[in-house]
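Common to both upcoming complexes is subunit A, partnered first by subunit B, then by subunit C.
Presenting the complex of A and B:
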């Protein structure tokens, strides 16, 4: 594997049991993603983009094929090894934010650092920095039910990035947001991509965010039908 | 790390935590209260028997057997010297027992007639009411249950018939001078109490006695001349046997209460855990291992139990303390039914009961926290993230 390759997938097939039969969500997918890429998996509902994202994140497993993420094969890893990979090197952003309702903004962002056993002084410093990245300094002690959708998603972004992962996966991060908030979120993510050199993979069908992507992979019925790198002049 | 997160989760989920803790604390309280009440009831029966009937122990006439009334007519004699000396020093009370029949309101009722020294202070009975009844031929003390059965009130007279030592039936009129309110049905139901001198005169058994109860703390006499010494342990053996026979009942009651508590706690914990499926999925996505997820929820259950213990101490502890000090009033008098149950039950919360209950409730809380979280942690993270918990 090349040194800057973050994800390498070959002949990936994913089948789900449906009734007495199987539904094939991904069909012989081959894919390579490199460090620092800002990639979108684009396609209509049911095209397999979330499934692919889940497999890359080790939240689901492939039926066939090989998946290597951050130089580690996910084919023969245990749950604990995949959990460790996610904990140390990955961040997740969900469509419905998935913030823990009883935690404040600060505590939600702090959680990955607690799981990584970072000492308290360091945690406070890094959480404050992450809060600054997403512009939520005045909301640090608010609970999710006191935040707008945009603020919730910014909290989720800070949580995904606070431990400075190599790879961040975002599943429809702007689907629940209005246009202004969607652009804000994407501007924050682009900035962090540039500053931290973190790789981002989005699963989305939101046309508003296409302009921010550096690479667009189109999926349809479980197949990659198009894989296009966007040059600056294209944007 | 887990403890910090668990504590944060519990403190953050204010109402949910309070409800879980409250249900557990109620279970704690109910088990301790009900079992303590039952223990108190059994101890009370024993104490009442000692207080009103047994005192420090007894010396029985060699032929006396309280379970064989037919032998009463032979089980009497004058007291041996050492025992008489106890009586003379007011450290024992002599009692003469015989069979008799009474005719209240034209009915016939077989009874056990006991003569007792009205001036005694060895057993807790209002025998002094048998004194100073100069105009009354045979002053009679009866219990409330007996009074109800025979429909007798203070001042009522009725015929007493007895068989004297010569084998002759005699009869005379007795008058109720007092109705005692005793919790010991063995002094009450089927019993009439008269002054011992009168009983000895009626039965032609001058200075004769059936048994003697002696004061608490009194040592056994050196020479009892064939009279049988019965210590407290012997005399309460029927109560002890009843308590022993009743042990399965209390174990069943304890199990039922514990099961009810377990169901309540299980219900609260399962609902709480399964409602948090999405949260579990998020924790997994953030890199928490399955074992740690299970550990987290089990730990939350454990902290829950600790908080419940604290809640049981305050405010439920105050209720327990108050009931232990002042007792619990019973809605009715069970004495007439032949139950030695106090009108005000004094629960006994033993150290053993509290420790056993605490350990059991803790174990249940931890098991019912562990089982559902283990099941949910076995789910695919993607299902958990969607909140698909399978219930």
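Presenting the complex of A and C:
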């Protein structure tokens, strides 16, 4: 990895065909994210947050420009190469948790390790550790339907972090939670960001999150209109 | 991953239990319906074969030409040796001699004067030989109305209809009046030991059953027989095989220039009606069986399709987490195979058990079919199912192939899935 740069984007343009024309969702975006950053992509709906998150996660490709994630260019990569990148180095947190209902908390968290072909003894150790991170030790054998919204999201966080990825992407992770649970979740994520030195990128417009972010990138109509690093004293 | 997916499969009833139940029920119905249709049709053939034609029968060329006249003067000779040869050449069949003869049956009173008299069609069948399956084929134990089965060559069974017509009671002496195979006049006394009812309409209206040794004595037909009937050991009629066997036999044993040389006739060629019937049955089975199979295949295809679509969210998550499209697709197929095989094995087992039960005990339709029997085709009154080799694998067509194809089709959506929409879809 070049120095501690996790994401390097230059002149990124993303266009979507709409009818016979094109809609430009991202316009000449330049961006660098570094290891351990706790970054929020902030902006109204349609500003390009999720599109940028998709491109960083290798779920979508750029129309123009270059995108390097973890020192690997995403230009001209195959689906399988991008899947491998996500599997090994990325974690995802979704607004609606997306836990698999038939599996227990332990098993849901175990999935990324299975996909990465980690042996069973190691899996058990790492899942237990991840369960401790998010404070769900007493819920390890519960199914998602027996959990509260906050507990579900904590499970999703453990699942996103259990394989100790370099980068975690979260799309509106607190949108379905009340204020207390939102703060709990953000406190857990901040703690893990500090302990594991994992980079986080949030796409959100939830004001409750803002106070926890170390860097806020504001998007509007596909442009970065503001990129501000928050000093500790600001937080 | 396999262990992980298996755990999910076992816990998620809508992915495992319910599809397995649907496949089991569907395959059971397919197996039983096909077994019952085949068995039912085979019963029609078998009853005709038992009374009229065998699955195959051997006669002399001359007898074949005049068979309507029951010309025993044209009967087969040296029958024992012919049967030995037939058993050797076609070991999946059993062969039994038959003398069919007509005449008058005279019932004398205590003074020896004619009390009643009427025409009779008599069948000399192999009743006394302990290895003979004729008692089984004629279902004599079930069809006996009064008395017992003959134990000697002088004893006969009279059909209940004929017995009523001629006022015959058990213990009466019945005098057969007819001609020997040498066209000499003959009278022969038989002791009536029982009456029977084949319950096949008018087929046994004038029938008398006697052991072939008695018929031979009465007609002076030592080691001779009108016909030699052949039946498959399983009693299941295979039209193609019957034709192949008869062609094979005729090519090697039948001399077209010798009217007394033996000729083998397959059931379908025993009468024009029978040939048409066999073709109709084949077409019926093909059409009904085919349509039925297509319908259940579509049902299970659709189930596989719906099952794949229902898990759209789970597959999206796995793709987002870095599982390759190929791996997700393959896991779907493996699951469909497991579910399909499990349901098909259960369905085939239950279907075969049901079919076996109806094969053994049958379903009685005597009231319905009693008026449908004709002189050249006998309708059975009890329909039996029949387990045939294809029943062991035919369930795999809807159970496994259709389920997997449906899943494969729904799985194509994985490859067509817009990865850029995953976040939006997973938030939905």
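Keep this in mind: the second predicted complex is superposed on the first by the 233 of 235 C-alpha atoms of A that agree within 3 Å, B and C clash if a C-alpha of one lies under 4 Å from a C-alpha of the other, contacts with A are read in each partner's own complex, and residues count from 1 in each chain.
Everything below uses one rule, namely that contacts are C-beta pairs under 8 Å (C-beta built on N, C-alpha and C of every residue); 3 or more make two chains touch, one makes a residue touch a chain.
Keep in mind the model is a prediction, meaning the values are calculated, not measured.
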Which term applies to subunit B and subunit C once both are placed on subunit A by superposition, clash or fit?
-> clash
Is A:95 contacted by the first partner subunit B, the second partner subunit C, both or neither?
-> second
Subunit B versus subunit C as contact partner of A:53, first or second or both or neither | second
Does subunit B (first) or subunit C (second) touch A:37, or do both, or does neither?
-> neither
Return first, second, both or neither, reflecting whether A:151 touches subunit B, subunit C, both chains, or no partner chain.
-> neither
Look at A:172 in the shared chain and tell me whether it touches subunit B only, subunit C only, both, or neither; answer first, second, both or neither.
-> second
Subunit C-contacting residues of subunit A that also contact subunit B | 54, 57, 59-60, 79-80, 83-88, 90, 92, 94, 98, 100-103, 107, 111-112, 114-115
Spell out the part of subunit C that touches subunit A in their complex, as residue ranges.
-> 1, 4, 7-8, 11-12, 313-314, 316-326, 419-420, 422-424, 426-428
In the complex, subunit B residues that touch subunit A | 1, 4-5, 8-9, 12-13, 278-279, 281-282, 284-291, 380-382, 385
What part of subunit A is in contact with subunit B in the complex they form?
-> 54, 57, 59-60, 79-80, 83-88, 90, 92, 94, 98, 100-103, 107, 111-112, 114-117, 159
Within their complex, subunit A touches subunit C through residues 50-51, 53-54, 57, 59-60, 79-80, 83-88, 90, 92, 94-96, 98, 100-103, 107, 110-112, 114-115, 171-172
